[in-house]
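Each chain gets a letter, A, B and C, in the order it is written, and its residues are counted from 1.
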Amino acid sequence: MGTPARSRTLLMTNAVEFLSVSRLFGTVRAVDGVDLSIKAGSFFAMLGPSGSGKTTCLRLISGFERPTGGTIRIFGQDVGRVPPNLRNVNTVFQDYALFPHMNVRDNVAYGLMVKGVDRRTRHAKAEEMLALVKLDSYGDRKPAQLSGGQRQRVALARALVNEPQVLLLDEPLGALDLKLREAMQDELKALQQRLGITFVFVTHDQSEALSMADTVAVFNNGKIAQIGSPADVYARPRTRFVADFVGSSNVLDPAMTRALGGPEVTASLRPEALRLVPAAGATLCGTVTGLRYLGPSVRVTVQMPFGVLGVMVPAGSPCPEPGSSVCIDLAPDALHVMEDE
Amino acid sequence: MTRPAILAPRGPGDRVSALFWRHPRLFTALLLAPPLIWLGVVYLGSLAALLLQSFYSIDEFSGLINREFTLATYAELFRPQNMDIIIRTLTMAAMVTLGAAVIGFPIAYYAARYARGHWKAMFYLGIMLPLWSSYLVKVYAWKLILAKEGILNWAVDSIGASFILSGILALPVVGGNSLSTSYIGTWMVFLYIWLPYMILPMQASLERVPTSMLEASSDLGATQFQTFRTVILPLALPGVIAGSIFTFSLTMGDYIVPQIIGNSARMIGQAVYQLQGTAGNIPLAAAFAVVPILIMLVYLTIARRKGAFDAL
Amino acid sequence: MLSDRASWGLKAAAIGGLLFLHLPILLIFLYAFTTDERTYQFPPPGLTTQWFAVAWNRADIWPPLYLSLKVAVISTAMALVLGTLCAAAMARASFFGRDQISLLIILPIALPGIITGMSLRSAFAIMEIPFSTWTIVLGHATFCIVIVYNNAVARFRRLSGSIIEASLDLGANGFQTFRHVLLPNLGSAMLAGGMLAFALSFDEVIVTTFTAGQQSTLPIWMLNELVRPRQRPVTNVVAIAVFVTTFVPILIAFYLTRGGSETAGGGK
């Protein structure tokens, strides 16, 4: 692993490809003609609200769902007729799905056992994996004796011991508290970089997706609304839905965009691209209607003559009182034109 | 690359699993086929045979079954002595149901509302064990209890209350020579045997009444009795109806209890048993057996409308 | 205010009701030791243990006992297979006719036993099938299926659905998943269902009287003794044996499913 030649081939290969894949449940189009390619070795996030089709996409990769139409390829091979157990793809389940009747070591060694690896070898491998997730001395415990974070690590070790080509993670951090979640985010990212395995990560938490992934696909109504790097998706949302769902942008209708000096189109405007300025010489003024403390910054809601805008002010800098008049200024390139949906 | 993305099947197990994965409906069908064939052929087939038999008749001279479609056998059900049997059975089933609801309610209520921890487990076992334990042994126990020289008469004599018992037995219709040869005796045994079937659904529906709702009621100024009457009873009703399905149906179909404890008047179950056995009149026995089916169908339709199935 | 403690009246009624459910059984035990073999005199005139030996040596008890055991074992085994298959199918995603199938499974215990019995009797008469051990088994297995089914389906529901997917995901095929994941988690529920089915079959009498012909199972033997008593305390000894043979599996079943809801309300 890690030779330049290999890295290059890896980067040129697609780990997963969807060619106009659909999955219908009755008349509901859970996945609706999705085209998608996930680069080998990348950290790919599927982001979207519940019911947007992201989890179904994950289950199509693992093989728990079969596409109603279209083709799925894993490392170039059509998997239309390949059942889950013959795909070298492993999943970390949302509820971890640890086997309650086995101890941690046997849970981790399960994939090797069913492939016929002898007991000593598979136990050694399992211990190695447990060490990797920092659970060295937990092999004899039952899943019920572990905390949520520990179970999550066991689930991770159990998947990784099979050396999968693609690791699927279904909201794996959803059940953890904030502190633990942040620590696990860093660990997962580090692990992915170290192992070089393709990670496909499903989440509804936009900050999680943006902070961890190389590429983010935003799902809406069974379709991909936008796919791109986190910076791209954040700064240049393609549609109103993406702007609304990712971050806390001001979504401007054509009249508002016009009022702010842009063309008459729908646009998005990041609250941190706006600044509060002294009234002297300013043209855009309004009244403060609300303040929300977000820790490192304060979000100020301003009622302008043409609509409401959110403005981000760094905490510690002077902050206006609700009811007071303020004026705003924006950078010329802050307005981002969006497509109509 | 360390490993391929797609693994080859390693044996017949993998191949068969893959086939099932590609045809999930085939798999469900294969799972369902054996039990459905069994229940379809053995059970539904038998029910069909029962219906078929009830439309046959018996030749009065030869005693052989005449396999021609006729309603004559059903017409026989309307003879006075047969109608008596049906009415007697329904009355008994209704009385047993009523008695079970009255006696069972305090137990269900106490177990659902007050029993905690160990006591709760004790109550649960205390109701479940009699439900599951041997039917015949329970009936036998009552033969011992109700015998003339048995424990009940002994106890009644010991406390000098025999005049009360004689008074009860002197009642018209329900009384008799002794408890073991009277309707009261039959009723008591039925009550005993089917009581757990009434308690469990009642308890289940009472458990679902949140304590906060009772507190809300008393908070709004209801007295304990008002709370009981206007909140608890209506909420327990689906459980009572669910329990009554069991007590009613089981009493209606039983022929052993009235055979062992009671007077010589027959119930539907006994009629069915004797007709198919000693009398050899299978068509009439079948027609009699259709009666409880029809009654239960009506009963279940009503119960369903009252939401009793949620309490099961 | 609503009191958190039950009134004395309620408490007495509840405990009285429980005693009513349990005390009669104790009499069976007492009368097995009485010296009086012609009546049910209370209190017993004297106590003896001779009836256990007498019962042991009565030749007419053993064949019915063997037949009952044989029927119960075969019926339970068949019900285990059929009931578990059914539960597995019903635990999968919904399919057409699901509700009708669950009604069909429940029907043999929802309708009174006399209907199951009389139906089978009618079918045997029409098809001219002679009575045998297998005619008894046919009836018993039919109502035992639902007992196993109830237990298994409740356990399927309690199992995290994704552990089966997890097993497939980790490379196990369907058979390996059944052996290593499903069976260990389902086993105790199946065992409990089997225990209850055994107990139910062992003391079943109503359906049996219609499907046995001249054969005698232990409950039928008891029934004959109840109608025409001979040595009464011997019947008590047999009753104790029947009670214990059914009681122990039931207790085991409860132990196996405690904490779950498998057996609750699972009326016979």
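In this section, a residue touches a chain if its C-beta (ideal position, glycine included) is under 8 Å from a C-beta of that chain, and two chains touch if they have at least 3 such contacts.
Here the structure is a predicted model, which is why all the values come from computation and not from measurement.
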| item | value |
| --- | --- |
| Most extensive contact between chains (C-beta pair count) | B-C |
| Most widely separated chain from subunit B, with each centre as the mean of CA atoms | A |
| Subunit B and subunit C, separation of their C-alpha mean positions in angstrom | 15 |
| Centroid spacing, where centroids are CA-atom means, of subunit A and subunit B in whole angstrom | 56 |
| Distance between chain centroids, defined by C-alpha means - subunit A, subunit C (Å) | 54 |
| Shared-contact residues (touching 2 or more other chains) in subunit A | 63, 83-86, 89, 115 |
| Touching two or more other chains - residues of subunit C | 171, 173, 176 |
| Sites on subunit B at which at least two other chains make contact | 7, 14, 17-18, 21 |
| Of all residues in subunit C, those that touch subunit A in their complex | 160, 162-163, 165-173, 176, 180-181, 184-185 |
| Residue ranges of subunit C touching subunit B (in the complex, touch as defined) | 1-6, 10-11, 13-14, 17-18, 20-22, 24-25, 27-28, 31, 39-43, 81-83, 85-86, 88-89, 92-93, 95, 101, 104-105, 107-108, 110-116, 118-123, 125-127, 138, 141-142, 145, 171, 173-176, 196, 199-200, 203-206, 209-210, 219, 222-223, 226-227, 235-236, 239, 242-243, 246-247, 250-251, 254, 263-265, 267-268 |
| Subunit A partner contacts - residues on subunit B that touch it in the complex | 1-10, 14, 17-18, 21-22 |
| Residues of subunit A that touch subunit B when the two form their complex | 63, 66, 74-77, 79, 81-89, 115-116, 163, 165-166 |
| Residues of subunit A touching subunit C in the complex | 62-64, 83-86, 89-91, 93-95, 97-101, 110-111, 113-115, 158-159, 162 |
